[in-house]
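Following this message is one structure expressed as structure tokens.
The letters A, B and C name the chains in turn, as written, and every chain counts its residues from 1.
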Amino acid sequence: MSIDTLLYWVGMAAVAVNALTGVLDSGRKQMDLIGALLVGVATALGGGTIRDLLLDRNIFWVVDQAYLMTALGAGLATFFVARSLPVPPKLFLIPDAIGLALFTILGTQIALQWHVPWLAASLMGVITGVVGGVLRDILCNDVPLVFLQGELYATAAWIGALSLIGLQEIGIPPVAAAWAGMAIVLGLRLLAMRFHITLPAFGQQKPS
Amino acid sequence: MSIDTLLYWVGMAAVAVNALTGVLDSGRKQMDLIGALLVGVATALGGGTIRDLLLDRNIFWVVDQAYLMTALGAGLATFFVARSLPVPPKLFLIPDAIGLALFTILGTQIALQWHVPWLAASLMGVITGVVGGVLRDILCNDVPLVFLQGELYATAAWIGALSLIGLQEIGIPPVAAAWAGMAIVLGLRLLAMRFHITLPAFGQQKPS
Amino acid sequence: MSIDTLLYWVGMAAVAVNALTGVLDSGRKQMDLIGALLVGVATALGGGTIRDLLLDRNIFWVVDQAYLMTALGAGLATFFVARSLPVPPKLFLIPDAIGLALFTILGTQIALQWHVPWLAASLMGVITGVVGGVLRDILCNDVPLVFLQGELYATAAWIGALSLIGLQEIGIPPVAAAWAGMAIVLGLRLLAMRFHITLPAFGQQKPS
């Protein structure tokens, strides 16, 4: 299997996982089937859509609607399974972290290919990785989770995107840099979850 | 009157009705005149704007600012009438259903003309039909009504969009398919309101 | 210093001020460093980004990432200063009003250069001026402040944008019209804050 084929299927899996988290989240708001599916689709495809709009590319799920079918299929399955079985949300933290790593690195590399300067390219990576979840929380009328103090979500994405760019800059070939970048996002996120590593927060400190 | 002229004026009427619902909704949040007008404009023009961005078309209200004038005029009239007269919101459910049918079918047909594949084209129709109301609810800091369990709103739009595409696929001419699609959206929505038809919901079930 | 150079630096200052208000606002929601920075960046760059998307221009902060660096630098400084020093939010009302004036007039002039018709161009100016703050409030899960009854925010922007267009229409050179437009936005906003001038509101009137 070529590297492109591998990335394509891992990307598709990340779309499915994101659709799943969107549908699960919508369960807290008494949405109906189509409402939940649309929130799932927005979660799965939102980050890449904003990236493509900002780069003036053709939207990825319009060019290849297999992404849309995957998001709908995964959302539909989640809806019916989760109505009968209680699904522990923790089950999806690891697939979600893999999706974050993949979306972030894919988004950064696409931006670099479009000759976006380095800092803007790293932000495109973060946008691709986290905007789906931000849209999900806006549509569910919550403060976006990824902005709240927590276990290095957007932070892990940003450090990974910057690492990828730095590694390419010093001459590491793009494919190796991409794997390293994904490993950094995933590793930071998993370490932060395991050891409850957080960034300093701003705002209402808890009384001590 | 040609079919294009008819559609143009029905579309303009749908813009006016959407601006009206946006302004009425903003009344629950103590917005001022310009705030209410901007929410009305976002409700009226938001769905078509997102569709045009996703298709990389020129934005419809930039090309023909009569849409913008209509949205502002209808919003302004609503603001002043509704401050003195209590307006029963139910009065607008039928114009709103007509607007949903028209926006959805217009959006789907534009996407098909731009060679968007079928499932993505049906989603473009749904986006054109419902995103205005979603923006309105986000700007008013509510969970979008169209996602909540209710009387087949996004669902009616999606079934109508898919029907239009299916009918064109089996050889029905586009104009006839468009009328059939609009009739399906409108009929489903009105039947669902009349008989309280809902989709299965996900999430907090009411105690039985 | 040429007029273009002056405008460039004033624009950069407006980006910094907007990033600052975004970060300060995020303090009410227990966001972490990166969450606060991303809200600051969205506040600073959001309005111009939507304008560029609607006009199908290259996004300004992708073309010149100095804007992004300024937003991040200002956001970072705000985060660390505001954690140790209590910052009276009133301190920023005047820089914020200058930013509103500048963004609105810049947005309107860019839209006119792209041959957008007058009413749509004035809305592009308003969008450039106020959408950053709207995004900030959506991301913080609040009703957008600029829509609420208050001291002529979007209203001042809109009147200034329309004045600029009217002045150019009667033959005033663009640079003079731009300065007049900015003075009108800034003057209206400052007068409204000083004398508590508000527009009529719609909705829950306070009991008298």
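Note that in this section a contact is a pair of C-beta atoms (placed from the backbone, for glycine too) under 8 Å apart; a residue touches a chain by one contact, two chains touch by 3 or more.
Here the structure is a predicted model, which is why all the values come from computation and not from measurement.
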- List the interface residue numbers of chain B and of chain C, divide the shared ones by all numbers used, and answer same when the ratio is over half, different when under half. different
- Note on the structure: The angle in degrees, nearest 5, through which chain A must rotate for its Cα atoms to match chain B is 120
- Any idea how many Å lie between the Cα centroids of chain B and chain C? 29
- Message: By the touch rule stated above, which residues of chain A touch at least two different other chains?
- Response: 53, 56, 138, 141
- Task: Using the touch rule from the top, collect the residues of chain B that touch chain C in their complex.
- Result: 23, 26-36, 38-39, 41, 49, 53, 56, 58-59, 61-62, 65, 68-69, 72, 79, 82-83, 138-141
- Would you pull the chain B residues touching chain A in the complex into a rising list? 53-56, 116-120, 123, 126, 134, 138, 141-144, 146-150, 154-155, 158, 198-204
